[in-house]
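Shared chain: chain A. Partners: chain B in the first complex, chain C in the second.
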Partner chain A sequence: MLVDGLVFALLGSALAIGLAGIGSAIGVGIAGQAGAGVMTEDPGKFGQVLLLQALPGTQGIYGLLAGFWVLIKLGLFGGTPASVTVAQGMQIMFACLPIAIVGLLSGIAQGKTAAASIGLIARRPEETGKAIILPAMVETYAVLSLLATILLLNSIKL
Partner chain B sequence: MPISRMQRVSIIAHHSREAEIVALLQDLGVLEIDVTEDMATFAEKPVISTEELERTLGEIRYCLDFLNRYRSEKPSFLESFLPTPFEVSKEEFLACNFNHVPIYRACTSLEEKLNTIRTTINRLSAHLEFLSRFEKIPVPLEDVGETRFTRSMLLEVPLEKKNLLLEKLNERGSLWASFEFPGRARNVVVFLVIHKDFSLTCNEVLQELGLTPVVFSQAFEGTPKEAVEKLQARLKELAKEREQLLKKATLYSRFERDLKLAHDYYASLLERRHKEQEIFHTRETVVISGWARAEDVDKLEKSLQVIGKEWVLLSRDPKPEEKVPIDLQNGPWTKNFEVLTRLYGLPNYWELDPTPFLAPFFFLFFGICLGDVIYGLVLALLGFLAPNFLGASESTKRFFHMLGWGGIASIGVGIATGSWLGDTFDYLPGFLSAVTQFKRALTLIDPITNPLPMLVFSLLLGLVQVLVGLLVSFVKEWKRRNYASAVMDQLGWFAFILAIVFYLGSTQFSFLKPIAMPFLVGTALFLVATQGRQKRNPIMKIISGIFSLYGVISYLGDVLSYSRLFALGLSSSIIAILARTLGALFGSSPYIGWLIGLLVALLFNVFNLVMSGLGAFVHSARLQYVEFFTKFYENGGKEFQPFGYKTKYIRVR
Partner chain C sequence: MNGERDYTYLVGRVRVLERSLLTPRTLDALLRAEDLDQALRIMAEVPYLGEAFQGIVPSLQNIDKILTEHFFGIVSDFTKQKGGADVAGFFLLEFDATALKLAVKHFMAKKPLEKVYPASFDMRKIVRFFSGEGSEYFPEDFAQTLREIQELLETQPGNAQGVEFLCDRFFLKGTYSLANRLGGPLRKWCHLYIIFAYLRGALRARYQERKPDTLRLLYFDNSLLEERELLEFLVISDEKIPEYLEHLGFAFVLPETGIFRNDPYYLAEIERKMDNYLLSSLRQYRWEAFGPEPVFGFLFAKSIDVKNLRILLKGKYFGLEADILRKKLRECYYE
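Let's turn to the complex of A and B:
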């Protein structure tokens, strides 16, 4: 019985880390392509471009965080692993879904916004502040889903 | 007084004094000269030739660019991020008479030579690549061609076509001879010698097989191998020559300082010429008008005394319809946060500066988002010490100081939540257990085991900021004498939100119970009664008043948005714990495991500091812009840019 529940819990952890990571990877990739294009014109914009490219990278971190929280909760790092029933395992898996799904999709959306913002600073470098805020608006929903995942995980009693 | 008071200043002078006055104004750097539209239409603009200056500037820019491209030591990563100007005394700056022409000539001739060498190298390399295909052929290349009776050629034949070629030639005649040599890839090089009578037949065969004799773009001497060696020797020579030229180019970098100084000097001069063109001229006088800080007007008038008597200075307060430039003036602490206002857009002159309002909130929010003692310490050290080493400009310094203050807030929050590199300090070796005890004694609440209080605290902070925003808006409207809007909209909503909080709070605190309900109903009725005041129809008044209560949703959304503070704060702690866990995992392996563990933990922590720091900045700023500013702030001001020395590389002391 112990093994069965653990499988679902680990699947949840893997989904959170994996899907959110994919979202960030695609997002950072999109922004990076736009950034490289801008830098062929003006390599001096490296600092600003890097900043904007890094913005869609946070979803991956949130996913890692959620996945790691699951591992801590399961006691897989040192100490005795908690015994997990199938029901509890599935609860943990579902709790991971908000950041997994929203991380994946918002990472991509944020990457596109970051790419557009990079285009903005190419023409109007003085507007870097505003260019940074636009992708951050997308990230709100990744933060909210992380919040949901954390609160859900916290409410599951092992 | 966060926004400096401005005065409209006009200096009317005899045009004989124009040059002197404009030079003096540039030196003082207190007046932003502009052109009044209605005057500008009458202006008889003198045509001042700026071509000479522009050419000089272009040449100096070229030299600096040249030095930059061929410099021996590349600037460090940090320097390319934050180029630091060097200080120059005013006397030295004004006395600049550096002659850049010899350097310009040297640079252009060097560049020309380097370009020639580069194209030659490219051409020779292409030849080399071509010739190396025939390296195995012992035939001198000058022998490929015609004699009185024969014609010889080189053919690159794919291995599978070679026999076919020989067969076909055999079929047609025997006035030929061939020699085979190994070629590149799956090719064979065939050296074919034919009698001229056989020429036509041979061409037919070649055409059938789709073969063409190799054509050399240039006459080479000796066997291909010899030719290749010759080319290589020549390339080596060229490379050496290039090396020497490059070395010579780097020698000129000792003129860099002079060039930069000259650049800024001429740029300032050009700026002055441009201004002179914009100034309004009549037949006898010039009128220089613009904006100055109120406190600078006296200084300006006094300084002008030096210049004869043929001038007069008039000043007055700005009129409401004028677009007055903005100069923010904040206290020593709040001015570090001005950059946030600037990023969003400066206020209009008649508005208020939001910096003093946002500064404490940003400070606290940044602290909660980063929320770790050690990260905060690193950021504070970086923020307060780095600008001194970099010799950064005033605005960069303030930005760093803002990060430093964010670090200090983060230390405070980290102590309260017990996050010292996450939970790393709980795993210190035995002899440091006192430190662990100390840390634990200071911890007020651990959001990892008990997240709800921290979440509620974040939301409460949001509530406070939203209420402050409404209050600021109320004061603003009141001062503008929009009493109705101030009381009914701003104060009405302020009271209603407060009433909702009281009502929610009454479930926890019984002393609120008797007043909560009447307060809530009263404020709601007030809003219902007032929010429909724009409508004529009394029924519509009531209906739109009731509908206006729906606006509470947007305030609720605003407050919920502050939950990110909690989530981001937790995120940086958890990643720090992850760093500690992974470090311990690697550290438990034998031999140099401890070193790898340490490196892994360090790497993760640095990564976390950078990403969490970025997140803390971006999200704390966003909360100001989206949730706070929308309540009261209108931007649209233009920065006050007094006419002065326009410097890029230097700072005039």
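Let's turn to the complex of A and C:
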């Protein structure tokens, strides 16, 4: 039974890292395509494009943070895993879901917004500030989901 | 149809290249230009287009060449990109149909081909095909059109209008199958374009008093317009045309409600209204960040710009008044 609980906890950690990472990869990819299009015609926009392309990458970092938090909580880095019941393992897995799901979806949404913003700076380079704020708004929900995951993980007693 | 994200790269490029599109302000400046030299200096300032106009010898041939090559360069480049083959395919088809017309006309006039018009094929292959100098390979649709032109020229050697209609039919047939591949709003747009092309062809044929057999060469089986509906334009009276257009649902192309005049200026005005309508129906998609519509819209806007620049620069070359030129100009993509 101890092993089963650990499996659920590790599944939660893997979901947080994996899904949020996928969201970021897709988002960065979308923004990158738009950026490559802009730079084909105007290579001077590299700096602004890079900044916007990097924005959807944060979800992957949040997912990784949540995943490591779980591993630390389980004591896996110390070499001796904590005893985890099935109920505790499932609690940890559900606690990871906010950043896993929101990370996936917000990464894609932020990538789309970043691509649109790259289009904005291509036409109006003077509006770079506003162009960054728009995709940054999507970030709020990734941050909130990370906060929720951390609070939920902290409330679980092992 | 491709996924909407397949066009992200092209939309990015379009966002930069849109700065090369003409605006009402540029058009006004060109209209106010005192002569062709001044107009060319204004053109040299337009981003991503101006370089081609810097230091050119101001002749009609040079202007035509620059405009054609500039637009063809964008179209052929876009067709090589992901998602671009279909979205730029419409414009490449148009180049192909024009090149085909020119090649056949050269062959008919027995003139050597001195200039090559840009297309997806080598125009010299067409001339070699008709003169029987070699067996060339062509895609089936294209080969079919060539055989039809060959048959027409065997029975009616001087029927240049018939040749033109057959080339246009090749373009319209290609557009019809492209419409299904593009899907969504562009499918409807392509269908509208085909109907407008039929109306233009029929009204021009009416003015030139062509026989139904010649106009029939423009027609191919489609679900948009029946052959008898097209041929009707040649037999009804001028007074009945507005009513007939109303019946078909296209009375809005008439410059004056309920009035039709069978003269070339009025026909040119109708064609201008059609171009404006086609452009305005794409304008609503111009700010979309994904999908083929903003890319297609940009390319169509570019083709309208080329038309406007030909009118303006040729007008300046011949010293036409600004007011006369203004009446011929199409609307801009960006107000």
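In this text, the second predicted complex is superposed on the first by the 157 of 158 C-alpha atoms of A that agree within 3 Å, B and C clash if a C-alpha of one lies under 4 Å from a C-alpha of the other, contacts with A are read in each partner's own complex, and residues count from 1 in each chain.
In the analysis below, contacts are C-beta pairs under 8 Å (C-beta built on N, C-alpha and C of every residue); 3 or more make two chains touch, one makes a residue touch a chain.
Only a predicted model underlies this, so the values are computations on that prediction, with no experimental measurement involved.
Looking at the shared chain after the overlay, A:72 reaches chain B, while chain C stays out of its contact range.
In the superposition on chain A, contact is made by A:30 with chain C only, not with chain B. In the overlay built on the shared chain, the residue A:123 is in contact with chain C alone; chain B does not reach it. Touching more residues of chain A than its counterpart among chain B and chain C is B. In the superposed pair of complexes, A:115 makes contact with chain C only, with no contact to chain B.
In the superposition on chain A, A:154 makes contact with chain B only, not with chain C. Taken together, the two structures place no residue of chain A in contact with chain B in one case and with chain C in the other. Interface residues of chain B, counted against chain A in their complex, comprise 80-81, 342-344, 451, 455, 561, 563-564, 566-568, 570-571, 574-575, 577-578, 581, 584-585, 611, 614-615, 618-619, 621-622, 625-626.
The residues of chain A lying in touch with chain C in their complex are 30, 33-38, 40-42, 112, 115-116, 118-120, 122-123. Of all residues in chain A, only 44, 46-47, 51, 54-55, 57-58, 61-62, 64-65, 68-69, 72, 77-78, 128-130, 132-133, 136-137, 139-140, 143-144, 146-147, 150-151, 154 touch chain B in the complex they form. On the side of chain C, the complex with chain A involves touching residues 5, 8-19, 48, 289-290.
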